[in-house]
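What follows is one structure encoded as structure tokens, with my remarks underneath.
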């Protein structure tokens, strides 16, 4: 093994910034999987790619220091919503429905529009100076607790410790609204997908019918009927 | 090497990823005829947007270590996730209902109100 | 550990971090794979003893302790079969999805104080969330196998796991509330001291909810009596009917990995984690045993403590499996929705009220952190130590790298 | 299929439109008790139709019987209900003896009771253990087999075989008991008796077991009789019939003087001559739980009978008597005899033309009729209930396919 | 209600149903006219005082001697006999009915003798009749689903007939 080459590869290895590396990895997975969702026709594969994409997004959240949102994404989105989606896919997965194709012209048109939209968005993303600067990478305090406090109306990140309860700008009301909204949705979804007719339980009253086959005590010596006469 | 030059990712990088996901979602919504495919497109769009919220709200990514949105970004992202879950549940219920009545999930055939 | 390597031995920073990351991954992988081997052997022996048999006796000398290894080799050598109508990509992918989910959840699981792959301040949440992803492997396997039995198994698993996440989440929230943190390391540390400090003995509600947690945990890792997804007398082998060889063994490893994981989680959340029932180190006059500089030996003992508790949990699951008949799918759902969820909710409420009116454990004052619970977030978020959290590691690393490269 | 009564059809309709699925359960399936193939038409987890396909084990036993003498056919009866081969031997032997109007010696009579009742215990142990297996618990299966093994050991001493005995034969038995056997048998019974409580704990009274079996596969007495169900399946529906008491005289004479109460629920009670667990609240007469429970009661009942027969047999003076010649000439005629086997009433029909070789041999299998009712019981149940229902019928494919 | 009482009742209710009897045999039996079997069975189950609510067994016996040397010595004409064993749960009693059928319908080999199915009387007759059809070749009219039950569906011949010969080959498997 050439010592120089080894040194170079080692130093290259040393150059890798793991944060950047993981960002690139997750970003690539998220983008490619998202693209695959568009390009795949098989609805089950689409769901798989969507899972990948959203999972990688969760990874990006972790990288951005939003651990709680990342875990939330994994739990609610990937764990809950998508299982629901896969359920739906399987329930409706008949062969003729698995791959529904759109005319090519529509696809091209949509592609062009999307490309234009993407161009605008990317331009916007790089238009502001401060956004382009790499972060200082300062790890602030974990956000889960302040987030939780914010949801119950206390903004610990915006006020001094002394006057916590005076702090304004909490999210108690939106939180309540979302909670009620979720409840409504839960009931609504259950209502929409309810079973219209349920199992009709068969009334079981067998004791009454048992009596009808109680042995007749008048028959003393059970045997064939006919031999009864001949014996 | 590209990787080494990148350093800590910037907000812009996140925005680009978000933009790509968003556009994929839009195309997905536009192109797919399967109602569930449309639903997946919506999820992608919401996630692209979410990525932006988190990126803006992250102190870690901010150039001066103090993000413009602060905690608000994450709270918004949280609400988006919750509402997306709710939206998915309802949309799925509607899709299943549609499937029951029409034996298809092709959105192009959902034209009962067309007159 | 990386700091130790850098400062004491003087290894290059990047190497130290990479090596430590690699080592952690290696160790966790070994815990799962080695654990699976040991647990499969234990399951055989326990099942055999329960059933008046001997179980494996010859492979590897006495007790047949090499039996699972021999089985592993057999599985490796088996022909790799795939059904004709299978979706090749998904079929191949599915076992690894399952295994990865089980493996990833270990990242945030502390084995002793600060002996954790990556300390996360949402540790519990992360573990439960990632564990829930295991269901995807099962669903994919069921769908891709092109077998009706597999599909039945997958659908059952999906319905079951998604439902049981609700009560499981509620059970997990209780220790989080008591400790004032979602960080598993913090939760474990709050239970240091005598056994009465363990959250299971905190108040009557936690005692009840521990058993609810056990039920839900067994259900969420698909063990009997909730093993509907692979119910052999109904669905042949459920979602892994069509699997053989290495891929099948990956499902198995994922199953035993998750079993160990939920048991370890139970140990950390309710049974004092790595703290023994008697605070030996404190009695002997060591530092309080929680310092970041905790000597290696203490950590090792902590690890053993946790392993012991988690193994006890796994053995309990085995005992249950070889005793009880299987529930039916509707009964599994009833158990979840009509019993586990309401009980968990009620207990959650109870613990909350207990905290309000009777702060502290059953033995008053035994909880060091009792008063600090409400301010937990402050203590947590602005502690000096937290700045030196391992979550810093990435930043530190990049800073070091930029210095090095200059 | 048979036109079904409207009221029996439980209407299940879910809002989600799902496609019906045809599922093959068996012949290679862990819970089909051999080579039974059940074709299920399912809507999701719900079974809308079940059709058993049998014949995978058909060995033309009846055709073979037309070419052998009556005694030569005994080994073929072994292979019908191979879990209760002694009962099969007895059924055929009695049918031939009935045609010959032959009566075995008193000693042979008691020995026959002893042997077949012991076999009934062994058969029910398998039925019970395998039923646990069907419901997903493995351990009771091995507990049951452990005890059955001891019975087989006893049989091995008696006739050298552990499964296909050919011990009871036309006109008596092939051999007398070896010395000391009765003591060993009694020792077995003594150690077995407390173990039954263990089975009750693990299965009969286990909450999950009760949940899985109560109100599942309810078989009404009318339907049971209509389908020709017999044995524990019939008694599990509350019909008080046991051929040991109600059968033909040549068979009931064998049990003359024996005290036993038929294991059937009468006026809401099972005979309470032993400590049995109470009937759970949600169990309905005729469901899987009752069929299972009747078998458990019969184990105890058979134990009693074995004890009684040991007493009588040891008190019997005189010789056991030799069995009939291998090629005994049979009078022209025909006869049909049913006996109470562990699985139900096993009937043998024998048509002769005056030669030692029967003209026609017919075996009426109890499992055959018991299995025929399974489509009725499984309509509208869940997939998980199918093994529970079929297992509770306790069928043996060797007997069905013959 | 025992002995011959119900026989005269049967004769009175369904004329021409009873064509023979042997009350002295080991198992006494009644012979029923082939075209009256369904009617008779229904009467025995529903109207007779001893309700024969159970069907134990249906058997077909092929009275045919394939060996021409022996065939000249037998006393009977070649025919198929279908035997029904009935059971009364109430009376704990059984009854044997016999029906004589030609071996082949109209003595035309290959054309199965026909008989009314009793599935509408006892549902348990379903499988028994299928078995008789499968192994002895009796066509049961009115059976809801008359298919082979023990032999494969594409099996040829009726194995329990005396002149049955095992096929030389079945799906590539050697038969003899």
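Letters A, B, C, D and E mark the chains in the order given here, with residues in each chain numbered from 1 onward.
The definition used in the following text is that a residue touches a chain if its C-beta (ideal position, glycine included) is under 8 Å from a C-beta of that chain, and two chains touch if they have at least 3 such contacts.
For clarity, every value in this text was computed on a predicted model and none was experimentally measured.
Of all chain pairs, the one linked by the largest number of contacting C-beta pairs is A-B. Of all the chains, the one whose CA centre sits at the greatest distance from that of chain E is B.
If you average the CA atoms of chain A and of chain D, the two centres end up 52 Å from each other.
Separation between the centroids of chain A and chain C, computed from CA atoms only, is 21 Å. If you average the CA atoms of chain B and of chain C, the two centres end up 31 Å from each other. Averaging C-alpha coordinates per chain places the centre of chain B 73 Å away from that of chain E. Looking at chain E, residues 27, 53, 89, 92, 94, 96 sit in touch with two or more other chains. Within chain B, the positions touching two or more other chains are listed as 4, 7-8, 60, 96-97, 99.
Listed for chain D are residues 15-16, 225, 239, 241, 246, 248, each touching two or more other chains. Of all residues in chain D, those touching chain C in their complex are 21, 23, 29-31, 44-45, 132-139, 142-143, 146, 202-203, 206, 208-209, 211-212, 382-387.
Chain B makes touch with chain A in their complex at residues 1, 3-4, 6-17, 19-28, 30-34, 36-37, 39-41, 43-44, 47, 50-51, 54-55, 57-65, 70-71, 74-75, 77-79, 81-90, 92-97, 99, 104-106. If you check the complex, the residues on chain C that touch chain D are 47, 50-53, 148-149, 152, 155-156, 224-225, 227-228, 231-236, 322-331. Listing the residues of chain E that touch chain D in their complex gives 25-27, 53-57, 59, 61-62, 83, 85, 89, 92, 94, 96, 119, 122-124, 126-128, 135, 144-145, 148-152, 159-160. Chain contact summary for the complex, chain D toward chain E: residues 1-3, 54-55, 58, 60, 62-63, 98-99, 101, 223, 225-229, 239, 241, 246, 248, 333-336, 338, 345, 347, 349, 351, 359-360, 362, 364, 368-369, 372-373, 401-402.
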